[in-house]
Every structure is written in structure tokens, then in C-alpha cells.
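Just dropping this structure here.
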Amino acid sequence: MPLPTPNLYPAFNIVRLSHVELAVTDLAKSRAFYVDTLGLQVTDETADTIYLRAMEERGHHCIVLKQSDRAEARDLGFKVFSEDDLDRAEHFFKAKELPVEWVERPYQSRTLRTRDPHGIPLEFYSRMDRLAPIHQKYALYKGVKPLRIDHFNCFSPDVDQSVAFYNELGFRVTEFTEDAETGRLWAAWTHRKGGVHDIAFTNGLGPRLHHVAFWVPTPLNIIDLLDLMATTGYVGNIERGPGRHGISNAFFLYIRDPDGHRIEIYCSDYQTVDPDLEPIKWDLKDPQRQTLWGAPAPRSWFEEGSTFAGTEPRPSALAASPIIAP
Amino acid sequence: MPLPTPNLYPAFNIVRLSHVELAVTDLAKSRAFYVDTLGLQVTDETADTIYLRAMEERGHHCIVLKQSDRAEARDLGFKVFSEDDLDRAEHFFKAKELPVEWVERPYQSRTLRTRDPHGIPLEFYSRMDRLAPIHQKYALYKGVKPLRIDHFNCFSPDVDQSVAFYNELGFRVTEFTEDAETGRLWAAWTHRKGGVHDIAFTNGLGPRLHHVAFWVPTPLNIIDLLDLMATTGYVGNIERGPGRHGISNAFFLYIRDPDGHRIEIYCSDYQTVDPDLEPIKWDLKDPQRQTLWGAPAPRSWFEEGSTFAGTEPRPSALAASPIIAP
Amino acid sequence: MPLPTPNLYPAFNIVRLSHVELAVTDLAKSRAFYVDTLGLQVTDETADTIYLRAMEERGHHCIVLKQSDRAEARDLGFKVFSEDDLDRAEHFFKAKELPVEWVERPYQSRTLRTRDPHGIPLEFYSRMDRLAPIHQKYALYKGVKPLRIDHFNCFSPDVDQSVAFYNELGFRVTEFTEDAETGRLWAAWTHRKGGVHDIAFTNGLGPRLHHVAFWVPTPLNIIDLLDLMATTGYVGNIERGPGRHGISNAFFLYIRDPDGHRIEIYCSDYQTVDPDLEPIKWDLKDPQRQTLWGAPAPRSWFEEGSTFAGTEPRPSALAASPIIAP
Amino acid sequence: MPLPTPNLYPAFNIVRLSHVELAVTDLAKSRAFYVDTLGLQVTDETADTIYLRAMEERGHHCIVLKQSDRAEARDLGFKVFSEDDLDRAEHFFKAKELPVEWVERPYQSRTLRTRDPHGIPLEFYSRMDRLAPIHQKYALYKGVKPLRIDHFNCFSPDVDQSVAFYNELGFRVTEFTEDAETGRLWAAWTHRKGGVHDIAFTNGLGPRLHHVAFWVPTPLNIIDLLDLMATTGYVGNIERGPGRHGISNAFFLYIRDPDGHRIEIYCSDYQTVDPDLEPIKWDLKDPQRQTLWGAPAPRSWFEEGSTFAGTEPRPSALAASPIIAP
């Protein structure tokens, strides 16, 4: 199945991924992980909610932690260009017979809530409260020095379908893995904001959230985080890496939060603003697609993820990856 | 004079800065500088012309070096989103009574040539020959490991006018320096592609090209370049830096090519895709705007630049910077 | 079995490890690995021999590659303080009834050849030809930018015996792993020159050479090497890492040369010149001793090594490591 | 005047520089600088004294800050190999008719206090209280992540005399600057512990302490410190750098503490344990000896220093450096 033709003039204009709400079972433990260890900044905090931003972000939040009885991922948030784009979005999703509702979200202008065809909960807004810049308040930098949210990665039970749908929304494929035997997509990376991805899809029991990624300045910040986690009780939360991805060429580390939500620390991918940028194709059997240096990913990385609130994941028709660390 | 209201829906869609042609007086010396020292890749080469690209670029060229009797800067090249945008651009510049012509440029689709109101020569195209990716051919990386062209910076005799014009083209101001006494702009950074700038304007005898900048992976690559230049006969070509800019927060180095064209090596600014991103204002009297760490720039940095072909620079009405290294 | 009391006044004064000769089966392939990939500098070269030094070394060679029918490690070379120390060394080894002979080695003053009690071939010299400094010839730096040979690591069939013997030679233990059940040493790191080690011993079929290590400037140079090896046909030569050792606190990478000789790339351990420096003890069951970040080493790393010329390795009485990656 | 022949068998064995006491006029301000900004660890603290160590040090202190009416430098501390070496040191200084006294220093074994021929106050001890390692307690790392004290640098009114005296103590010259016109030493770097220097001497009004240096992991830590100081009120305390020294090849930054005591942040010099290491000679007129990249040092760097308690500095007979930034 070939990649869809890029849709350069989508029905409404999504600027970038923006934020996600994560339901967590012990807010204090999550705070220790996201604030004291990763170094995200608290922008608001109540008994059951913590709002966080990264160092160069001026929007109010990129992660919302919610105390809950069960750990799960909630809405994936995206920023649209204008209020008119929100109305166009409503029209678009309604035409697809997908559920739409206008919801109130603290610190956001009116917010449109919907789901993608596989059931991933999505929310769109145009304006969020803007905060004063802190990117030059170097005394505040700590942990991995997270600069900004970079992307979402989701398990999809049918990556061809996911790509076709997000392509309609204007997400352009930058790299993809094809199952050479079936010709079907095994994974794809799609972007709006000019990096390798705002959202990626990986074959597997889905929809589930595979990970949320943060951009950091250099690989040395990732090494600093590893040293810190290894000596502050988080050695068991280190899942995979550090390494260089074949796909995206980024330097990466995967860690797990206290509830198992997976966070990627990520830097140094490339600029993708050209509308004629050619997607890069990888073979599912090539271990360097995962890690350029050759080390396969552990089984947990292929199998575990966060369920989305209100959506039952279903199996993919494709087989599991042939390359998994023993 | 306040900043103009950002023009979010410009008459035609510029994707990003793309390339510049530099007239040089000794092509072999320039090759030694740009290829052997900086590490740009040759994509084509004739007796009087060298085409260069950086490591993650797939377009054919970002720098064109032309043997010439005199050193000067020629057209600043920009990529537009579609062929239709080129036609809209023609209409726009004609309506402004600016000169337009369609020119043939090797490796580019039809190219529209014009000038901005101060006389800066500009060219716009939609498609350039695409080359195979080399960003993972690590054996080719050398010098400063340049990843991509990042921005142009031009002296302007009237920065308010320059900003007003480029704002019409959809360039959004990210940071600016104001002369507190007159309320006039002293410098401004404006972008299309989602970084701090595609083109910036600095008060001074203009129009002239102040510098062209390349993005590199980390500050350590800049230190490597300094060590290399200092021990291969280029110590006199190091002009300013390394340092952290207050404006843009980028880590920088300024060097001069054998003809005196100024090149900035640059990394780690921030993402600016939000249409409601607030411009950051700096005071002309604040030395940290130039270098966060306090060191003022040398006089040459304020005064010297490359003339543009076919344009006579004229003085600015504003006074010189009050902060110049002795 | 407790550590021996440090011998602060040994019979002769060893300055540091110096060099090793490696027998290789395809000199051209080895040259591509050590020179073109790692970046060592050729100081002399004949049909069957290549002499190499690292960037800050002024002695003539740290690695001697010899074309041979079989791959093996030959003499471990050490530099002594003075010619008198050589005579004292001869006396010492003779008194131990170990074999001694005076040999001619190109570029070295008279050289004393002997073996340690397990049969490791050793050579001692006081003066080697000195070459002009190249550490500021930055145009010569390439590959991993190796600065100097750092240490040898050997499999030992009886680490307690090895440590007792090298302690007599004045090597001071900086860190060690103890088998808690038997109280015996499982591994030990011992130094002369003021770093964590000049030579270390690890339990196993021995004597065999486990690895030779090179010091590099920063972890980023190791990442550069990984990127280079992964894209120039050496992905299969990457064995373990990158990571942070618990023991030594160094950042490391293990790679294999074309014959399987293991090379460690190493940086950022600590200064150990204090004669009262306390050895640090690690538990054999603690996986963080190997990799602070928790990942166990692969089986090959525990089992494979280079045999020494003229010495038959014999098994250790201790069991294998309880912590091996599956 | 030629360099003295290295004294390879000095009368007593100095292991390394160890510590210095700095008299400061506002202990709280000094604490903010050394602890909160640089990241040194407090090991003891009273109303008028703060003891500090760096991250990989296990000796109790490398800096002692003392509240005082006037800022000045006090004893330069050195660690000797054994208690016997202390007695030999007493004999040595007495024979030179230099003042000797045995003093009590908290956390140190018996301590010998004396002065060098120019009046620099020195103290020698063999054993200092040892503390538990913290180099793998990564949660404690902050500021510039100082790993260890690296060296002292002193103004000397007669560098030839200083070098001759410290050569007798076994300090070996690694690099030196000669005044080509007079053939006299303008500056010299001398070591005991195997790096480029434990103590260096620079021509000028002396004796005075020019600076104390700390070793840090990589140049990026120095950039981090600059960003931190520039945004926490210390921009005026940044004096020179960052840069690469020609002499020593180290990456450096010079900053001033609240009393003007100068601190160098330093990394990546080279190993100097070979007894036959050839000193490297630099010309006083070569600006790259100071900064490989060409920038001259500011006037303050040549002229300002901390007086030593109880010693009146006197002028040098040599002229000032011909290379000073305007």
C-alpha cells in the first residue's frame, strides 16, 4: 500500500502538538519524577492536578498530571492556527461522523474534543494562556533541561489507516517502516511543525500511547539524566538507550514514569519544512532503523504502552517485529 | 514606532530562506574555507562556480560561490510553497512597483528575481533539484559539521521600513532591539520556518549583507572549528565569539571568509511556530542582548559587511551602537 | 581474602603502561580500523608492521600492529622511571625465578622482557624515541580523537594472585569487586600513573588480554565514533555501550577490531595520586558496578579475549559472573 | 637563562597541590559564589569559616573561606607522600634559612608552615581527614560541576628564581614563555601530579596569587556556568573566556569571586608523568600562547591578583606583556 499523496492544503491548520493529560496513581511520586528528576516547571498545582511546562515553552502547559485510580493517557492536545480553524475542525470531524464536543479546559480558549477513527482522544484549541519566557532563567534549569514537548508516538492497530487519516489533517510523513512481505506500513512518523514528527504510529495492540517525547539541548543532557536516575532510585525506570535512532537520526533515551507511562528524551533530528521533502523508507528487518548502532529494543518497548481513556485497544493484523532483544 | 501587527495571511507563502550567491575573488581559497574548513559538501563544481550544501539539506545548494573581480553578495534566495505562490509573488512585487524578472537558475525551477524596497536582490523559487540524503553518511562529516543554512542578517538603513516590508511577506518578528530615545527599531529578527529568524535586520549603512548563518549540532562543534581554524592559518578570520547571544539565546561564532564575507556558526535557538508568539524586546543599551555573558562585539562586527550587487548602500539616520568593544 | 597493604616503596619505579603489540591477520584491515576509523596516527610503517600513537603522546608508539598467521596479544609494555630502574627490575624478576631477557625493540632503549607469574608477557624500558607534539595540530584529529593509551585489562585465573603480584610492583588498587560468598577478589583495578588503572584483572579463563583502552576528550567523541562505525561497515564491531561504568565512573564503549581484539574507548575517570586513597569495593551481584545505568554486559564481553603469545590460559576456580545479559 | 635540569629525585616527595585559604570580607556572599554558583560542597561550616571540597575529592577541603577584614590569600597547601617527607621538608627549608613552624590545622595531620624565597606562604601535610566518596552522588552536582582543585598560579617578581626553587622541590616544567630579547623566563608551568601544572608563575608585581583553578568534566560545563552567572547577577564577575589556551591546550574561563579572588575553570590538558617529557617553549610575542584562538587577555588579567598574607609584593624587573587587549 503506497503512502498517501501529501495533503498540502488541509481543511484546517494544525500548528503543532501541544500537550497531553496523564492520569497517575500517586501524584507526589509523579511530581518527583517529572519536576525533580526531569526538570519540568510547575505552572499550576492543586490537590489533584499539576500543570507543567518545559523551559522554552510560553504556553501554560505541555503535561497535565491528574491524580486518578488508574493510570491512563487522556486527550492528546494540538494547537490550531486560529479560532476559525477550530470551527473548520468541528466541521471536518462531524463530516467524518466522529464525536465532537466543545469543552472547557483551564488556561485554554474554547477547546474542541473529538476522537480519531481508532478512538484516540484528541483536543484542539487556538489560544492558551501565555507565560513570561524562562528560557534565559538558567538558575531554573535542572534534570535533563527539557526545552519543549516534541512529539507523541502511538500504537496503532492499522498504521495504514492512521497515516491516511492524519494525512488528511495535513500531517506529512517524513520516515516510515514498511513490512516488505505485505507492503503494509509498520510504522510512520508525521509532522506539522517542521521536525521529524508531531505524531508517529507504530504497529501493535492499539490505540495506546507509546510515548511522549521532550526535546533537550544535547546528548550530554541525556547522559546527565542517566547518571542522576541511576543514583536516585530510578535505575529500574531506564528502559532503552541511550542511542541514535536510524529513523529520525535523533539521539534518544526511553524512560518510564512511576506509573509506567513512557517518556522519550530526544534531540538532534532535522528540519522538514520543505513541502517536497521525500519520506525515507526503512525495512522492518533492518535493526539499524531502531538503533543506528545496532542494538535491538527490549521486548517491553514493543509491547507496553498506556491505554487511552475510554478506548479499548485491539490487536493489529500484522505480526510482531522480527527484531526484538532477547 | 510600534511593531507592525503580524501578517498571518501573507499574499504568498514563503517556506524558508534557501541560499545565497557569494562573489569571491579567489575560488580556490574560498573552496579551502567553505569545504575543507567549514565542511560544506560540494554538489557541483565548474571552473568559476562551486555549489555547496550542508549535511542535512536535500536541496541542491545553499551557497553558490562565483569567481569574480570583486567580492560581493548577490541574490538572497527563498523557497516558496508552490508554483502558484511564485505567480502571487510576481503580482505582489509588481504592485509594489519593484522590479521583477523571471530568470533561469541551474538546478532550480523557474525563478522570480526582484528587490526589496532598499535594493536587496531577492530570488524566489518553488522547486530545486533534490539530492539523496547524506545526514547519516557520518564519514562525510568534517569541520564544524554544518547541518543547514539557518538565516541571513542584513544591515538596513531603516529597520522600521525593513520590518514593515518583510512583515507584509509574512515574516514574524521574534525579537527586536529598540532605541529607547527615539522609539525606533535598531534591529529585528524575523522568521518564516519556525526558528528565531530566516532574516534579520541591523541598523547601519545599508543594504549590505551582515552575515549568513549555518546551524550546527552543538557548541562543541564550534569549539572544534575554533581549534581547527586557529591551527590551520585562519586565526585572523575569527572575528567574534564563541558566546551565547542574549537575543535568540543561540550559541554563536562569527568568522570571515577569505574575502571578508561574514559567516555565523549558530546553534540552539528555540521554536517559534506559534502564531501568537510574543516578540521579545531588548534595550539598545543592554550589552547582554549581544552577548549574554557581557562581552561587547568588536567594532568590525558593527561596521563591516558585504555590499549587494547593484545596490549602493546609504547611511542610517540612527546613531551607531553605544556598546562597542574598544 | 583482604586486599594486600599497598606497597608504597616498590623495588623499581614503573611510570605507566606504555604500549602493546597486537598480532593481526590482515594488516590492511587493521589499518582501516585503527587509523581511518579510530584516528590513531601512524609513526612508522613497513610491509608487516605499523606503529601508532595517540594525539597527545610524544613517545613513538602505543600500539604496534604485526602481520601474523594468528591473532594474539604480545608483550604488555611499561615505561620505567630510569635506566637504573630497569636493572632493579631485572633483579626483581630474577629473584622471583621469572624468565628475563634483554631484547632489542625498535625506537626503545634497552628493553627487559619477562612474564608475570600467570604467564603474561611483559616488557619494560626507560626511554623511547620522542616525537614532536601534535596535540595542537587539530587538522590531524579524526575518528574518536584518541588522546592516549589509558590501560590494559586482563582475564586472570586467580585475581587474588594477580593483585598480590602487581601490588609488589607498586600498582595500587583503586576499585575491586569481591565475591561475597567466598571473600575472593573477582576483579581489581590497579594504577601507577594516577588514574583509576594502568592494568586491571577480571576473573576468567586466563591469562588473556580482555582489552586495551584509549582516553578520549568527552562522551560526544564516543557518540561520533558510534555514528561513524555504524555507517561505515563496522556496526557488527560494536560490542557494548555506550554507558557509564559504576567502577571507575568512566564513560565507555567497547568495540572489537577486525581480529576480535577488544578496544575500550574511555573518558572521565578520576585522579588517584593520593597514597592514602581508599579502594572502593563493589559487590559481584550489583549490576551497577558494570554499568551505572543498569544494563548488564553481553556474554561475549565476559567470555572472549585475546590469548597472549606463548601462554596457555587456564580456567579460574571461581564461578562465572551472576550478571550477564541474556 | 636556560631552564634548570629537572630534579627527578627531590629531597622530599610532594604529591600534589591540595588547598588554599582565602580571606574574604563577606562570608555569605562568598558562600553564594562558591557553593550556590560554582557548586563546591560544604564539608564544615562555622560562623567565620567554610570548608569546601570538589566532587571527586575525598580529602576534607580544597578551599577554606575565612571571614576577614581584608581579602587576601593565605597558605598554599600541598600534600606530601608520607610523614617522613614532612620531616625531610623541615630539614630542607631550614637549610635554606626559610622560616619553618609546625602548626595545627583542623582536619589535617601535623602541618609544616614555611615560605618560599619570595615570601609565598606554604603549608605541607601528609594526611587529611578522608570523607566518603560523592563522585557518584549525581544529585549533588550543580553549578560548573567542579571535580577537583587543579592548580595555583602566582605572580612572581622573578620567574627564573621561582622556577629554580620549585625545581629543587621536584616540580617539573611542562611549558614556558620566554622573553626572546632578554632570554629570561616570563612564565612557567610546573607539576608534581602528572598534569600540566600544580603551580605556575607569571611575571609581575609579586608574589601575589593570580588564580586557583578547578577541573571540570567538559567545556559544556563551562558554558553552563557562563549562562548561570550571566543571569544570576554575576555577569560582572566574568573576566576572560571561554577559550582554549595555547599553553596547556586547556579549555578555560576566568571569573572573579565577590572579593576579586580569581578562579579559573579548566579542563582537558594532558598527561605529563613521563620524566623525559620535553617542556614546550612559547614566545612572549605570540598571542596564541594565551588564547589559541587569538583573542588577547584583558588588562585586569595581567595586572590584578590577590596579595598573600604577610608578604609585600615587589615589582618585576621585566616589562609588561606586549599583548594586552585594548
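In this document, chain identifiers A, B, C and D correspond to the written order of the chains, with residue numbering beginning at 1 in each.
In the analysis below, contacts are C-beta pairs under 8 Å (C-beta built on N, C-alpha and C of every residue); 3 or more make two chains touch, one makes a residue touch a chain.
Small disclaimer: the values here were computed from a predicted structure and weren't measured.
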> For the chain pairs B-D and C-D, which is connected through the larger number of C-beta pairs in contact?
Replying inline: C-D
> Taking each chain's centre as the mean of its CA atoms, which one is farthest from the centre of chain C?
Replying inline: B
>> Roughly how far is chain C from chain D, centre to centre by C-alpha average, rounded to an integer in Å?
In response: 33
> Between chain B and chain D, what is the separation of their C-alpha centroids in Å?
Replying inline: 44
> Where does chain B touch two or more other chains at once, residue-wise?
Replying inline: 136, 218-220, 227, 230-231, 292
> Which word fits the touch map of the chains here: line, ring, star, complete or other?
Replying inline: complete
>> Could you list, by residue number, the parts of chain A that touch chain D in their complex?
In response: 136-139, 218, 220, 224, 227-228, 230-232
> What residues on chain D touch chain C, complex-wise?
Replying inline: 8, 15-16, 56, 58-59, 79, 81-82, 127, 130, 133, 135-136, 147-148, 193-194, 217-219, 246, 249, 268, 270-271, 273-278, 280, 292
> Touching chain D in the complex: which residues of chain B?
Replying inline: 218-220, 223, 226-227, 229-231, 235-236, 238, 242, 244, 251, 288, 292-295, 326
